[in-house]
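Next, two complexes with chain A in common: one pairs it with chain B, the other with chain C.
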Partner chain A sequence: MRRDRRLCLACGLSGLALWPSWSGAAEVLHVVVHAGNPLTVLTQRELVALYTGRTRAFPGGGPARVLDHPRDSPERQAFYLSLTGMDLPRINSYWSRLHFTGQVQPPRTVAGDAAMRAELLHDPTAIGYLTQAPADSGLRVVHQLRLAASPGAQP
Partner chain B sequence: MPAFAVDGQEAPGRTAPVALSGFGTLGLTHTRAPHGWRFARELMQRGADGPTSLSADSRLGLQLDAMLGPDWQATAQLGLRERAPDARAGEALEWATLGWRPLADLQVRLGRTSPDMFLYADTRNLGLALPWVRPPVEVYGWMPFASLDGADLTLRWPGGGADWRARLAVGRLDSTVAALWLDRSVRARARDVGTLSLTRETDGLTLKASALAARTWVDHLPQTQQLRDGLEALAGLPAVAATARSLIDTMEVGGQTRYLALGAQLDRGRWQWQAEWSRVSLQQGSPAGRRAYLGVGHRVGPLTVHALLARSRPSRALPGAPGLGAALEPLVGPVQAAQAQALAEGAIMTARLSRFDQRTVSLGLRWDLRGDSALKFQIDRVKVAADGAGAWRHGSPQAGRATVGTVVFDFTWGQG
Partner chain C sequence: MNLGWPRTLSLHGRFVGLVTLVAGVLLVLAALVIHQFTQRHEERNSLAALQGVVSAVEKTAAIGAYAADAVLLQEIVDGLARHPLVGAIVVEGGKGQRLAGGRVPEAAMPPASALGADPLPPVDTRLASPFDMHEQVGRLRVWVDRQSLTQRARQQAQALVVAMAVLVGVVLLVFNQLALRLLSRPMATLAHELETMTPGSYRPLTLAAGHERDEIGTVVRAANALLASQQRALAEVAAMEAQYRQIFDTTSAGIFVLSPEGRLINSNPAVGRLLGADESAMKSLREGHFPHTVFCDPTAWQELVMRASALGETLSADLEVRRFDGSARWVHCLVSVQAEQRPEDRGLVEGVLYDVTQRRRAESQALHRAEHDALTGLKNRNHVEAALAQRLRQAQGNGHSVALLFVDLDGFKAVNDAFGHDAGDAVLVESARRLRGLLRRSSDIAGRLGGDELVLVLDGADAEDPQVAELADRLVERLSMPVRLGDGREACVGASVGIASFPRDAADAACLLRAADAAMYTAKRGGKGRWRRAVAMAAPREVDHAQ
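What follows is the complex of A and B.
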């Protein structure tokens, strides 16, 4: 009985935080670079290194300009949860740590797939992620990230 | 380095050339401790202004980043928080660096940074990045310096399925430290400072080793300078020279300093673990010792419950007051012998008040809110050994127990 009460309290407080939820129909996110980038594939570990600020270079050594969706967007929530297992508060806290060391700036944010595609098409050093597979011949998918369940559904 | 095919068009957007961001903590502590003791989280602050205080944990940081080109960046960070009495205004400038990246994963910085000596060295004032309301006082609170003026070099590389980072820094350290038993300040300095840290990160596991070597010293208050001058005079008398020298070594802080630290953080699924161990070796003084903590947290949605066990133990035993009076009385007479004995007891008392010998058990709750903010609650039960209250302001040589209850609201803004 006491255990049930504790669980109810935790669930109630969870609900108060109003997590953003991924409502897209897609089951994967497409990690994309410019077609002029010699990179053909990225492993999940290499992708984690780029999106957690541990490196600013592609595996071949070329400089990488990392693009992200807006800070509290459902796309970003789904991306980091699937990639790193971290939900938005944790990843925001993580990036705060890097930003306020003055060493690593968070990725530049771009709102929506259309704007992300435009950025990627114009910058051969850029990497970003889209909710829909790109039809443009000027872009190349280097990783397909399967979406994880939302934080509330974590085992 | 691969050659990229540039299409010759300007990208539709660029990172803003200048960006202002900030962070802060509003913290309220309530302390129950032996009469007169004041809680402080670090040596560079005056300490709580009463049993209930906003001053110990509250802080505000403002950061200005300027992108000066694709490979150049300037950063300045201003930290507003309670400091020692007589702290210089310039100490509020926590960071002021000019950084250059000759390669994507190699950075050189000139200017003011934080000495990279702890697992959370860069972010010990950034509440949102910490699981607790503050870094453990036993491990972080002894350090009398916050900023390194000099240069550092950071290299990152992948290897063995992990990401590595090495940072080498050289420079000097200066700060104003609160006197432990008077509302006064002294200057702490370090020269010929060299630090080296190595970090390995993979799958939520971070391992870090840090080392520092420096020549350090702490200026004297007028009272302790008188003591030191008197002991120097006694050291000129062959009969008690060795004893007087030993007493000077007991009350002085500094000389050749060596520091070694190992840290680990595991953050997987709902569990997070943190541990650090460090050893400070000083040519002279009571801050020499071993320090460690172990923390564990469990997340349920936006809530994290955590527990922490921290310990600080001096490496030098406290010498008993020597019988200088008896040794000197046949040589200089009873009055001067009594004065010499008082000097010896004063030196021992100085050392007794500055030793840092305590352990803390903490329980806390962190609630992550939307909008880059968090609310935290924490209770610390502190057990201070006799002659071990060096972490407290206006402490006394007696052993004591204290309880510190804290609630903080952490926030950040302006990070894009």
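What follows is the complex of A and C.
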């Protein structure tokens, strides 16, 4: 687990009108699990599988409860753009097709870093992402997601 | 529909039949090609349409495959299955496992042999991960529904073929009507008019309107010109025939034609007139053997015919014919035998008869007059001299003798003076008759040299023959018998006869006459009423034979 203030600064510096709430805050998003989770590191591919509902289990085998920021939040936009190269409307479209059958559940929505942190501390099977590196030892960063250089760019 | 077909086996019927047949065959070939074409066309169209449909669901299907959402995939599959083109659908995951499917692929793909074509390949779409296009998360394969495709192709082909058949049918009908109107009907009319036309009944062919300048017009004009000229020629021939017929019927010459066997084939009225034959007689003449019935000497006729046939010329001869009333007539007969021309005419005998009875009669009368004494009917001097010379030539040739009895009537002048010349003539006529009664054979001659001098030529007799002496006796006796005159009176003359014979007494006719004349004078001097033989040659010795 690592704290990186520079990320926040960089986020603040490069903040744009699109992401006003944490403009200039960070250039890295931290994917975090409960410290009790045996998982220590996640590849980007495994992360995509978890967040697109392709799988519901961690690579180690344990069930995963995937947490997400609210639907139109800048955190979520930055996360998916960086993770998949897709903007939110496309991600939402993806989910709306899967919603239709009810077979695949989208991640549970948690509003804000604080609530996310609280959920993560509370649930050992949960996984989420934070704009700030967690300071407490109850959480573990398994993946650091570098923000896309130019927002809205397609992969 | 009455198409007004011309009569059986017409050119039009054959033509239209053939055209229809060819059109039908072409239509069948076209139907086969169209069927193949529509099949291929439908296959291409179906694949393209399927491609479009599959493209529409590709993204969603990729998401379904990525998220392994069987329900979503099944929804997609069911949606696709509702499309009429779609036969079978299979969605496989990235590892080839079957995620969803619709219908049975085998049912969508009938055996290749049923269609004679390779089964259509499915529309095969690679499903890429929505988040990583390089990762293949599945495969969507959609097959075309062969049955419905084939059915649609067949329906299209049928519609095309039906449309084409209707078009061909309409074109054929129009074509038929045009051919009928422009060609067949005028031709049929023309053929009918020509067929019903008989020689002599000339009626110009009708030229249908609108055909003045085409081939039919040319044919009609040419035929009309030909018919007109033929009509003129026929009229000329008929006129000529009428003339000939007139000549044949009215000529005084009898014209007839006989078969080689001698049966009468044809004759003109003059033959009947010549033979005095009415209708029934002519009929019997036609049934019998003409030369045998008609000619007095059929052999002469037969020889004439044979000579004419052998020479190939027209020969003529005078022949005697028997009329039906029994009398005989002389005809001059020209005969020719046909040798050439048509075979059925070969050997026909053509004869022309002229009645020459009058001429023959006149000729014989003239001859008679030239040879005979008009009063007594005995041969005259000229004839006696000529005939005697002829007999002598004959006798010289065969060694016979000819005796000449020279007669002079005794007392004839007295009868003339006493009873007149008529009585003298009567005595001469009666004496001539008695003289003729003594002729023995046809070659003997009884003649009158003039006045009361009569001669008797006995062919083949010699003055010394006893028969001659006996005949001379009878001659003297007969002529001495009284002659009854027309008025009941009787005249009486006697006869002195001198006899000489060739070659005993003379070498030629003149000498013989002179010798007999001299012997007659000897008889006169001896007392008349007796005969004397000439004295042979140089030493005449007259023997008195007193009566």
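Of note:
Criterion: the second predicted complex is superposed on the first by the 125 of 155 C-alpha atoms of A that agree within 3 Å, B and C clash if a C-alpha of one lies under 4 Å from a C-alpha of the other, contacts with A are read in each partner's own complex, and residues count from 1 in each chain.
Just so we're on the same page, a contact is a pair of C-beta atoms (placed from the backbone, for glycine too) under 8 Å apart; a residue touches a chain by one contact, two chains touch by 3 or more.
Computed from a predicted structure; not experimentally measured.
Once the two complexes are overlaid through chain A, chain B and chain C clash, as defined at the top of the document. Residue contacts after overlaying the shared chain place A:Arg54 against chain B and chain C alike. When the shared chain is aligned, no partner comes close enough to touch A:Gln144: not chain B, not chain C. In the overlay built on the shared chain, the residue A:Ala64 is in contact with chain B alone; chain C does not reach it. Number of chain A residues touched is higher for B, counting chain B against chain C. By the touch criterion stated above, A:Gln103 is placed in contact with chain B and with chain C alike. Superposing the two complexes on chain A places one region of chain B into the space of chain C, and among 8-16, 98-106 or 134-142 that region is 134-142. In the superposition on chain A, chain A positions 45, 54, 85, 94, 97, 100-103 are in contact with chain B in one complex as well as with chain C in the other.
On chain B, the positions that touch chain A within their shared complex are 1-7, 9-13, 15, 21, 23, 61, 63, 65, 73, 75, 77, 95, 97, 99, 101, 103-105, 107, 109, 113-114, 122-123, 126, 128-129, 154, 156, 158, 161, 163, 165, 201-202, 204, 268-270, 300-303, 367-372, 374, 412, 415-416. Chain A contributes residues 45, 48, 52-54, 84-86, 94, 97-98, 100-104 to its touches with chain C in the complex.
On the chain C side of its complex with chain A, the touching residues are 60, 63-64, 66-72, 75, 130-132.
Of all the residues in chain A, the ones that touch chain B in their complex are 10-11, 13-14, 16-19, 34, 36-39, 45-46, 49, 54-64, 71-72, 85, 89-90, 92-97, 99-103, 105-106, 108-110, 115, 118-119, 122-126, 151-152, 154.
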